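Each chain gets a letter, A, B, C, D and E, in the order it is written, and its residues are counted from 1.
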Amino acid sequence: MTDYAAIIPLSIIALSAIAAMVAEAIRRPGERMPIGGFGLIGCGGAALASVFLWDSDAQSFGVIRADNFSLFINIILCTVGILTMLFSNETIEREDIPGGEYYALTLFALCGMMMMAAATDLLVIFVALEILSLSVYVLTGIRRASAGGAEAAFKYFLLGAFSSAFFLYGIAFAFALSGSTRLEQISVALSSQPGGAPPTLAWLAVGMLAIGFCFKISAVPFHMWTPDAYEGAPTIVTAFMSTGVKAAAFGAFVRVFLSTLEPLQAQWIPLLSGIAGITMILGTVVGVVQTNVKRMLAYSSIAHAGYLMLGIISANNTGKAAVLFYLLTYAVSNLGALGIVALLGSAQNQHDELRDFAGLSKSRPGLAALMTVFLLSLGGFPPLAGFIGKWYIFAAAVQEGHYALAIIGVLTSVISVFFYLRIVVMMYMTEGAEAVRPRLPGTAVAGLTLATIAVLYLGVLPTRVLDLALASISTIF
Amino acid sequence: MLSIIVFLPLVGAVLVLLAGGRGDRPDREPLVRNLALAVSLATFAATLWLWARFDPSSGDYQFVEQHAWIPAFGIQYFIGVDGISLFLIVLTGFLTPLALLSSWESVHKSVRNFSFFMLALETAMLGVFVSIDLFLFYVFWDAMLIPMYFLIGVWGYDRRVYAAVKFILYTMAGSVLMLIAIIGLAWSYAATTGAPSFSLIDLYNVELTRQTERWMFLAFAVAFAIKVPLFPFHTWLPDAHVEAPTAGSVILAGVLLKMGTYGFLRFAFPLFPAAALEFAPWLGLLAVIGIIYGALVAMVQPDMKKLVAYSSVSHLGFVVLGLAATNMQGIQGSVYQMLNHGVSTGGLFMIVGMLSDRRHTRLISEYGGLKAVMPRLVAAFLIITLASIALPMTNGFIGEFLILLGAFKWHSTMAAFAATGVILSAVYMLWMFQRVNYGPVTNEKNSRLPDLTPREWAQMVPIVAMCIFMGVFPKVFTDPMEASITKVIDRVHSREAAVVEKTAPGFRLPASGSPNLASADTARPGASPGPQAPSELRTPSPEPRAADND
Amino acid sequence: MDFSALAFYVFAALAILASLGVVGQRNPMYSVMLLITSFGALAGLYVLLDAPFTAVTQIIIYAGAIMVLFLFVVMLLNVPREEPAPALFATLAPHGLKIGAVLSLILGGEMVWALKRLPRGWFDQDAAAQSVSSVALIGKSLFTQHAFAFEATSILILVAMVGAVVIARRGQPS
Amino acid sequence: MLILIPLLPFIGFVVNAFLGKRLPKSISGGLACAAIVGSFAVALAAVWSVVSSHHAMEQTAFTWITSGELSIPFAFRLDNLSSLMILVITGIGSLIHIYSTGYMHDEPDSEYARYFSYLNLFAAFMLVLVLGASFPVMFVGWEGVGLCSYLLIGFWFKKKSASDAGKKAFVVNRVGDFGFILAMLIIFVTFGTLDIQAVAAAAHSTYTPETAGIGVITAATLLLFLGATGKSAQIPLYVWLPDAMEGPTPVSALIHAATMVTAGVYLIGRCAVLFSLAPITLAVVAAIGTATALMAGTIGLVQNDIKRVLAYSTVSQLGYMFLAMGVGAYAAGIFHLYTHAFFKALLFLGSGAVIHALAGEQDLRNMGGLKKHLPITYWTFLIGALAIAGIPPLAGFFSKDEILWRTYSTEWPAFHLLLYGVGILTAFLTATYMFRLVFMAFHGERRHEAPPAHPEEEEPVAHAAAAHAASAHVAPSTKHGTQHAAPSTQHAHGAHIHDAPPAMAFALIVLAMGSVLAGFIGVPHAIGGNNWIETFLEPAFLAPGAVHEAAEAVHAGASVELMLMGLSVGLAAAGIGLASYFWLRNPAASAAWAQRFSGIHRLLLNKYYVDELYDAAIVQPIKGISTGGLWKGVDAGGIDFAVNGVGLGVRGSSSLLRRLQTGSIRVYAASLFAGAVVVLGYYLWR
Amino acid sequence: MITLNHYLILSALLFAIGTAGVFLRRNLITMLLSIEIMLNAVNLTFVAVGRYLGTVDGQIITFFVMTVAAAEAAVGLALVIALFRHRETLSPDAFTALKW
């Protein structure tokens, strides 16, 4: 309670968000101001703070815990944040997005994400969830001129509100079970159940919480918002939310289900297995016929959620570490891919239809090559990050004997390769009309370089990061 | 040193990218081409050096490099060369410069990228052949798909996109199951020793239940069968070949297909000996079907590339048949046939490429009477054709003969059916050869085609020379293989005792009361003879495996 | 039947009927009004549950603030009645409606059935009632145990403010 | 020394193949002749040393294939049998090389060199075949000569019929090779070695004819015999040989008469130990040989193409040889091989001289009366014809009678008297069709300009001629006039018919002398000879170390033998007489008979429709099944359809499933709630 | 006597009614209202459970839920206004531009 160390990273982010707001307030109309810089500083600071906090296992207010697990997620989120900021510069101007609000909301969302992953109290998780959700709803609809944006935002919002009601109901049952919303107390209450047969309340709590999490990670059948929201949102926001929200939600998901609700494993593993199976299948299968790149990547994101769930279902150390590692690889790959889409787009032309990519290798060979790298990483080709991530997840699943799920996983990833390659086909094997494509700001170059290096580094020399991921779960659970 | 060889092409690939400059720079084309060629030649020289330094008397891995890679999972950067992989490496080094040469005139679109992918592909191929760690192997195995995908998809013919996508999805679908099996194997190892390992040598010690072993073998087998391609997994091949650019076809036929058979020999068989012996008759059966089927379908193809592609199905069927026999002649013949097929089919694709460079068609009916127009090209064509139909004193004969010999010792009926391939290959190859080269020049466009250019000479001479050299002096190649193959055979048969009675009938003609001269030890070459030896020799012996570890 | 039981049933019936009215009413204005009624009934239940402070908050914040916001928007947009369904959904609507209602019914049924299986819990500790109704205790707990969550809600509200402004602001930023 | 024998022609091949285009004809041709003559000289020396030392000569060039317990050195062995063979090959080969320098003189330099390089290569491979000490080495030669045959038949590759014939020869031979390979496999698995002598020794020490029964040995020998039927043009694989006449005539003489086609006979001789252990195989060999002899003889009776007549005659004579092998008279078979080489080469070269003189004309009906224009050719040809007809004391008489006698006197197979009967009938036919040929070509009046008599009846030949002419006309790009391209011009001024040039005449005369004299090494005991050839060859047919059971009761039947000899000579004379009646004195009668038995005549003219039968029963069905059944059916329609079907299935379900995403938020919410219902229901249901 | 279970069942019923609102009403604002019903149903559970367990946490959570509800309402209504500006309608079925 007296120790504030654990909240330092998220406080830094929150402060930078407020700074961005203030800066926007004092900005004279027409003046250009590098507001994104606050974000960069904030994310960098938070990352730095997380590094310093490593192994400290600090706790604040009894509800925020800076164990290595949450710090690892912090670092993923900071990576997401930094890349987003780097891609945002100029992109948001082209897309007519109000800068100050955009940066502030993004940073608030990040703050909420960090909070969610670090919280050890269901109530705080709920509040954090709402912070990040509301920010993201607003970001989705931030382009006022876009009808699609508003529609997407409302759909996302309404379904999100429903799901948080379910989530909240789950918290209520958990509360009824133990008289507290603290995870450790719920855990105690659960493990003190005589005979091990959990009462109806525990089942209801597990079910409702699972629904809430599954919505956030967009698992089938709670995924319906995903394609619409991803398509309707500004591309850069799509990039941000597809990676950040997933990371935060999975952080909390893992924490709640693999520590607190671990005694109920036998109950929820079959359930999540079913969901994961359908998620992988539906995500990839429906992705096959998409012609909008963002929508396609939305379905891919659904499928990836399915893969990630395998880590939770495995419920072993490999699985937990695999989720962390996978989140990182997915974050850099997906941000890279969507970042490029964002960099190519403008308010008039989102550049998110497949045919927009025709002949990109001619007009922008560098971008086309990088896009290919990111897509192949998403598809799980060695020697790129995505391959190691997938391998790790499947290794966890196989370790626990979930062969069927692992086989579904690998086969669907083959199908997913088909649609990733459709973009490659467009870029390299199809002649396209010479489109006017905007120039690349320096920050974006830096961001792409960073993402590429990360994808290659994680693919070729994953050892260090894998060890970190393993270490970060072994210290806490 | 081995690493340097493996990654030299990749370094070259990066250099090529840099040399190519930004954007479209046709003026840099010669530089890029020559640089790529120089790198591939240097790699070839390095592989030859490897051969020169190779100790043929040892069956162990040589030039071993072993570093921890992902220690938490026992994944290592563990590479080495033995007698089986040595020549496949040399073959890769040999074919890549030739493939680059074959694209000299035909590829003009983005030469930089083309050269980049070719060289990157070479690294991946070399990597597949040197990997001893299964994870590393899989990484190279899958990584190889990407450059090939681009080579087909960007520089191919009309339906290139379809073919490229089919190629990559088909192959991936097979190989991902293998990935699951690899992981399962590593965990099985962990179950006995506490920590997972992906090292092939460690994994030899895994004790699997029969059922698990069966499933894992099947997972490996499907992956490799698709790559081979074994009937009925072959349908990607004709499409890929037909649409691929010449260089792609050469590499695809020359090296990529070998990865499947190499995989059987290196991984599937030694890792799952009992299952391998159990399924060997089925593999053999599919191989024989493939031999006949491929030949029959090849016979009626109107497109030269497709014809050669189906002939590959037939030829690779021989290779698998030899492997399934799991005896010295069979396996040695198989490895030899892999090399042969690489050389001769690579050569055939180059020739088809030369023709289609000149005429922009590969339809047999468009040609005719070429011998009068370009006698030198046709002479090379003839020799390679003869090598392909396994005329004695060409390379193909050695391989097919040894395979048939090995197969016959194992399963005489299959060998007899396989031998019909001898007839059929002559039918389809010579028919094609005749329609293309003999007769009057019926198509006016063919009447003034130029003969071999100096560059094409440079492609043809090595191929033709190899076809004949390998047919006359096979010992140069077979001797270094022998020790390694013996190890594989011992390994496979070490657990045979349990299944030998019911699954490996071997050849026993009813000799009507005469003493059976087929002494039992002929089934196990390399072992000391003696009629009662088999059962003793087949008991597992840990020593040879321990020796692997250095 | 004692008074509290009677009061419970009355409030419960009121809450349910009002809620049904909310979802059954075509005019959003009436819906809002009925919802306020429902909230009032809930406040009554809170009183029965020895949570007078919560009851008051419920009235002030929910019925007072939030619902006024709704009312304001309803009147601002001035679309008192539902429009007929567009052609695409004209045929689908009845089925969709049925399916949805059935889903809700099943959901309710499942929950009721589940909760019925719980052992019966009685509100019989008077000491608990004492402590629960203490505003001091609430305040203390709120600012100690839940201090972080409390602070976090400030960010939440900030986000909501910024968000509402960004979304609803008219016209392009100059 | 042994290596040199095949190596010299091989060097000739290499030089001519690589440099030939740039060399003048005299040098390239001279080089080729020098190579083969040199080889002949070395062969003579080698044979001399073998004969004088009574020991087989062996030499290993290098170790060829090793694998496990298998080891195949590239080794040569020269024993009495191969001695005879190499002398025939290099000797007759030399003559034919020399003849070719004249015959091919009109070809341009590059083609000329190509021709000689092929010819040299053939000689090299043929020598490898006969010298090979193990089956695989023999197989090298076996396939190598097949290759050369392919190349030489298709030498005039612009003619479709020529390249077709080459391909046919190769493919049909491959069927035989299939048998050869399988036989090798069985032999290796059974005996653990492929060295011919070692196999013979092992077989001899392990089996007797009684124990071999229908087992390994029979299987192996039958498969070897399948190989032999391919190479030696026996039923059912004889069909390629008549077509092979598309090649230049000297090639027909060398490859398709004297040497290569006898390789099958040689193979059986080489493996005599094995065959002796397999009585069933022997019976099959004898039966097939006899049937082939008869069938080819009957076909030869009506053919009108001079070379085809000779080709069927070759097939027929090869049948004789197999008959000999089948009744265990290996020496007799080889003896006939040897004499046949002389007179058949002579006949072919003679026909070549005729064709050369007539500028490509091959149809007998367009010849006649050439005797006075081509005296050398005529007389040498006549000697050859008499020799093949078995008129004493020419070479053919001795060898053929030896075969007939051995057939008559053997005990196995049981139906040997039937074989004898057919054999003697064939001898009669041989005389008939040979002299039909002689009379039609050389006697009577020239029918040079005469058009084909009955176009509709003479369909096959007319067809061949038409194709021939067509190809000659269609190829205007032919830069050089081969004699095949020339007939149109030649028809115009057909008067200039000149006899064989010196090089050709030399070969004809030498061969004619050979045809007269060659038989005297095998004069049977019955008429006072010592049958030296049999004594000479016999060791080669026995397992090493086996005792030569020479004391056979051959002499017992000397009077019978003499009687039979008289019978066959009489029949030969009758045949000649018949021929002279029909085709010399009363040509109208032959036409009348052809009319009367038009069914049989047409059957024979069309070669019993065997080609058509093969085409309809094997070639077309395979093509049809491959195209319709396998390629379009199984491959495209089955497997690939399934593969693409998976893809389409995914796409289809994708298109279907995406429809769930209607865009209506209420549907989305329904999905969410449905999920919730299922999740909760799952928990409550448990 | 009224037990905890009574309250829990009542709250479950209210929750279910809230979910039904989405299907029964073709009006964005009513949809938001149904969410409020659901949240209130949960609140009832919290208060009842808190009372039963004798802890004030239940009520405290209720306050947080109210805050969240307010924030959601603000954003939600803002979105409704934005949508209305684009389409001049509040029917949810009108907003199906994004689909498939």
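As a working rule, a residue touches a chain if its C-beta (ideal position, glycine included) is under 8 Å from a C-beta of that chain, and two chains touch if they have at least 3 such contacts.
All figures in this text were calculated on a predicted structure; none of them were measured in a lab.
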Set of chains whose contacts include both chain E and chain B: A, D
Contact-graph separation of chain A and chain B, given in steps at minimum: 1
Pair exhibiting more inter-chain C-beta contacts, A-C or B-D: B-D
Taking each chain's C-alpha mean as its centre, the one farthest from chain D: C
Innermost chain, where centres are averages of C-alpha coordinates: B
Separation of mean Cα positions, chain E and chain A [Å, integer]: 26
Where chain D and chain E are represented by their mean Cα positions, the distance between them in whole Å: 96
Intercentroid distance (Cα basis), chain D paired with chain C, Å: 102
Distance from chain C to chain B - Cα centre to Cα centre, in angstrom: 70
Residue list for chain B, restricted to those that touch at least two other chains: 169
Residue list for chain A, restricted to those that touch at least two other chains: 123, 127, 130, 134, 137-138, 141, 144, 150, 153-155, 158, 162, 200, 203-204, 227-228, 415, 418
Interface hub residues of chain C, defined as touching at least two other chains: 89, 96, 99-100, 103-104, 107, 111, 114-115, 118, 145-146, 149, 153, 156, 159-160, 163, 165, 167
Set of all touching chain pairs, with the criterion as stated earlier: A-B, A-C, A-D, A-E, B-D, C-D, C-E, D-E
Residue ranges of chain B in contact with chain D within the complex: 166, 169-170, 232, 234-236, 293, 296-297, 299-301, 327-329, 332-333, 369, 371-372, 375, 386, 391-393, 397-398, 401-402, 404-405, 408-409, 412, 415-416, 419-420, 422-423, 426-427, 430-431, 434, 437-441, 447, 472-475, 478-479, 482, 507, 509-515, 517-519, 522, 525-526
Residues of chain E defined as touching chain D within the complex: 19, 22-23, 31, 92-93, 95-100
List of chain E residues in touch with chain A within their complex: 8, 15, 18-19, 22, 28, 31-32, 35, 38-39, 41-42, 45-46, 49-50, 52-53, 55, 57-58, 61, 64-65, 68, 71-72, 75-76, 79-80, 82-83, 86-87, 95, 97-100
Touching residues on chain B, where the partner in the complex is chain A: 22-24, 68-73, 110, 135, 138-140, 142-143, 145-146, 149-150, 153-154, 160-161, 164-165, 168-169, 172-173, 176-177, 179-180, 183-184, 186-187
Chain D partner contacts - residues on chain C that touch it in the complex: 89, 96, 99-100, 103-104, 106-107, 110-111, 113-114
